[in-house]
Amino acid sequence: MEKVTYFTSGCQCYIEESVKTGKNFSCGQFCVIEKNVVIGDDCTIGHNVVIREGTKIGGSVRIDDNTVIGKQPLRSKRSIFKSDKVYEPAVIGDECLIGAQVIIYAGCEIANNVLIADSAAVREDVKIGEYTIIGRSCTVENVTTIGKKCKLETNSYITAYSTIEDYCFIAPGVITTNDNYLGRTEERFKHFKGVVIRKGGRVGGGAVILPGLEIGEDAVIAAGAVVTKNVPAGKIYAGMPAKEFRDVPEDQLLKNQGWK
Amino acid sequence: MEKVTYFTSGCQCYIEESVKTGKNFSCGQFCVIEKNVVIGDDCTIGHNVVIREGTKIGGSVRIDDNTVIGKQPLRSKRSIFKSDKVYEPAVIGDECLIGAQVIIYAGCEIANNVLIADSAAVREDVKIGEYTIIGRSCTVENVTTIGKKCKLETNSYITAYSTIEDYCFIAPGVITTNDNYLGRTEERFKHFKGVVIRKGGRVGGGAVILPGLEIGEDAVIAAGAVVTKNVPAGKIYAGMPAKEFRDVPEDQLLKNQGWK
Amino acid sequence: MEKVTYFTSGCQCYIEESVKTGKNFSCGQFCVIEKNVVIGDDCTIGHNVVIREGTKIGGSVRIDDNTVIGKQPLRSKRSIFKSDKVYEPAVIGDECLIGAQVIIYAGCEIANNVLIADSAAVREDVKIGEYTIIGRSCTVENVTTIGKKCKLETNSYITAYSTIEDYCFIAPGVITTNDNYLGRTEERFKHFKGVVIRKGGRVGGGAVILPGLEIGEDAVIAAGAVVTKNVPAGKIYAGMPAKEFRDVPEDQLLKNQGWK
């Protein structure tokens, strides 16, 4: 084998003069850090990372290759979201871990110790609570709140206008929806509504939840279920359409987990 | 906090001499624009964008960070698509909005006013009609036509050899398929066939459509349904396997929408 | 149209001095190739590609734009995987084709002639056999083995601790799971178990497989099925929960394919 003949040393990044970084800042190659970004101590940033204007990043954060933070939304002329407002810069808490090829929008707030895995997206007007894990390729759409210590697994999809409370578990490939009219009638604009998953609710792999429904505290949706009505607290629902199957086992209830 | 000590100003892109750009061209850092690319007036391109040789981009187009346009396909030795042909450059119409981390192949034509959201992919031999929205992480496979004013929502999957006519709505996580033989027998090569969704057809969240099937005009597939036979125009089908449920409500029919 | 006024020629990459590349090495712009990477003859690498320290890449490999190879995992404080070990560099065989925006972790071994399509991810502690195709946006989680000549189609999801033997076919959007406790109880740590798909097993579009289950040799899971118990060799299972439907047709059995 031959040795490669072109070799470039030194840092080749585009970092605006107004950027402020803390101690022990480590940054890969070909990153772009725009105006007025503030980055805390002990952060490690991969290659080809883009951090848009004004983003605030806490201490001890890791951001992997090709991730984009602080993107302003696109707005289709046909979008149901009409405003062209410019969102406030994204805010990322301390000790967050952010994977490769993640997209985090402006206008979102991510608490301390959150993990956002590769290729996930977090849209504008979203809040994510501490210690929550957003799995690979998950999408958290706009105008949505995710509580603390939740786990959203790979490819799960949280539609716009949703609320996921603390300690929820969303298995791989779960689909939530917010438009019972599937894009027709003017009427639908009055009814757009995501899902609500109350504290400790859990949803199994590949389940589908119809618009506007509420999954009660500590309730469980079985894998593959299609949820067409509200699910009461502490019950397991299964099937298509999902029906009551049985109570959640006592030892699996939040109050018996000893979690802080 | 300390101020960062390395700072680079000016544009660091790789743009071939033969590239032509219109008025008010705005381009981020570390972009690669290959030979003979033509870009219209008033376009805005993010950071780390790759535009492959010969691509034609209309006016007033926005392209976000890390997107790749004009990729030539990979061909496995085991692929059912045998040719090694080099596809014509991609053509992107006026006023298109293209998200971050999108992949658009050579050999596709995208009409005016199309929105392609983050992380979506559009393959070779694909045409997409005007004002259509391709949602986040959608895949439109090769040899497929999508009409105008369609909406494909997040994570929906359109298999190769499909036709989606105008005004269709494809909800999140819809799966289409094109091989009833699941990769076995030589016979299967004669039967590869995607799905056909006629004008105004709508498919609910997480529904699965088997190979070669046709969803009639203005028909609706309920969320989570598994479609195993053709669905007549104007009917709602639901369940696994999907069966007739009822007629689509009058006020939801295309002819009663007053759409242009 | 005006001609663009800024133009940069030459290669702008960051390639460490210790990198070794073979004959006919072709590399795009803004790539980062870290220390001690070894790349065989006749390789073609796109733009913005990141190859992490020590990665070994065979001959005649194509790697497309924005792909990351050799990433070390993130570890949440709440992850069930506790170790902070540094994984061995990734090893990629000869004649592999790797799409755009792929993420391949350190600690994985990919045999010759594998195709990994755009936006797919292959995690640490994974082995993939020769001639296997990993489709677009597929995820192969950690501690998993995939045999030779398998085909995993777009958006299919292979959970951690799984085994997929040779000649398997996984249709689009298939979901596998590994935690029957959905994140609750200490008990669950003893039972984490992915799926096993025996030689020639096939799984239809959008099917969901519950944790720890085994799909027998040459068995078939119908599209949309939810598999809640083991499936015997040579049987077709369908429905929710999946039940025996009939035998796999003789002409579709592996032994009648004449495959090498």
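Residue numbering begins at 1 within each chain, and the chains themselves are lettered A, B and C in the order written.
One rule holds in what follows: a contact is a pair of C-beta atoms (placed from the backbone, for glycine too) under 8 Å apart; a residue touches a chain by one contact, two chains touch by 3 or more.
Just so you know, these numbers come straight off a predicted model, no measurement behind them.
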C-alpha-based rotation, chain A on chain B, 0 to 180 degrees, nearest 5: 120
Classification of the chain B:chain C interface as same or different, half of numbers criterion: different
Intercentroid distance (Cα basis), chain C paired with chain B, Å: 23
Residues of chain A engaged with two or more neighbouring chains: 12, 30, 48, 66, 101, 119, 137, 155, 173, 206, 240
Touch list for chain A against partner chain B, complex: 11-17, 19-23, 25, 30, 32-33, 38, 40, 48, 50, 66, 68, 71, 74-79, 101, 103, 119, 121, 137, 139, 141, 155, 157, 159, 173, 175-177, 179, 181-185, 187, 206, 208, 210, 226, 240
In the complex, chain A residues that touch chain C: 1-4, 6-9, 12, 28-30, 46-48, 62, 64-66, 97, 99-101, 113, 115, 117-119, 131, 133, 136-137, 149, 151, 154-155, 169, 171-173, 202, 204-206, 220, 223-224, 239-240, 251-252, 257
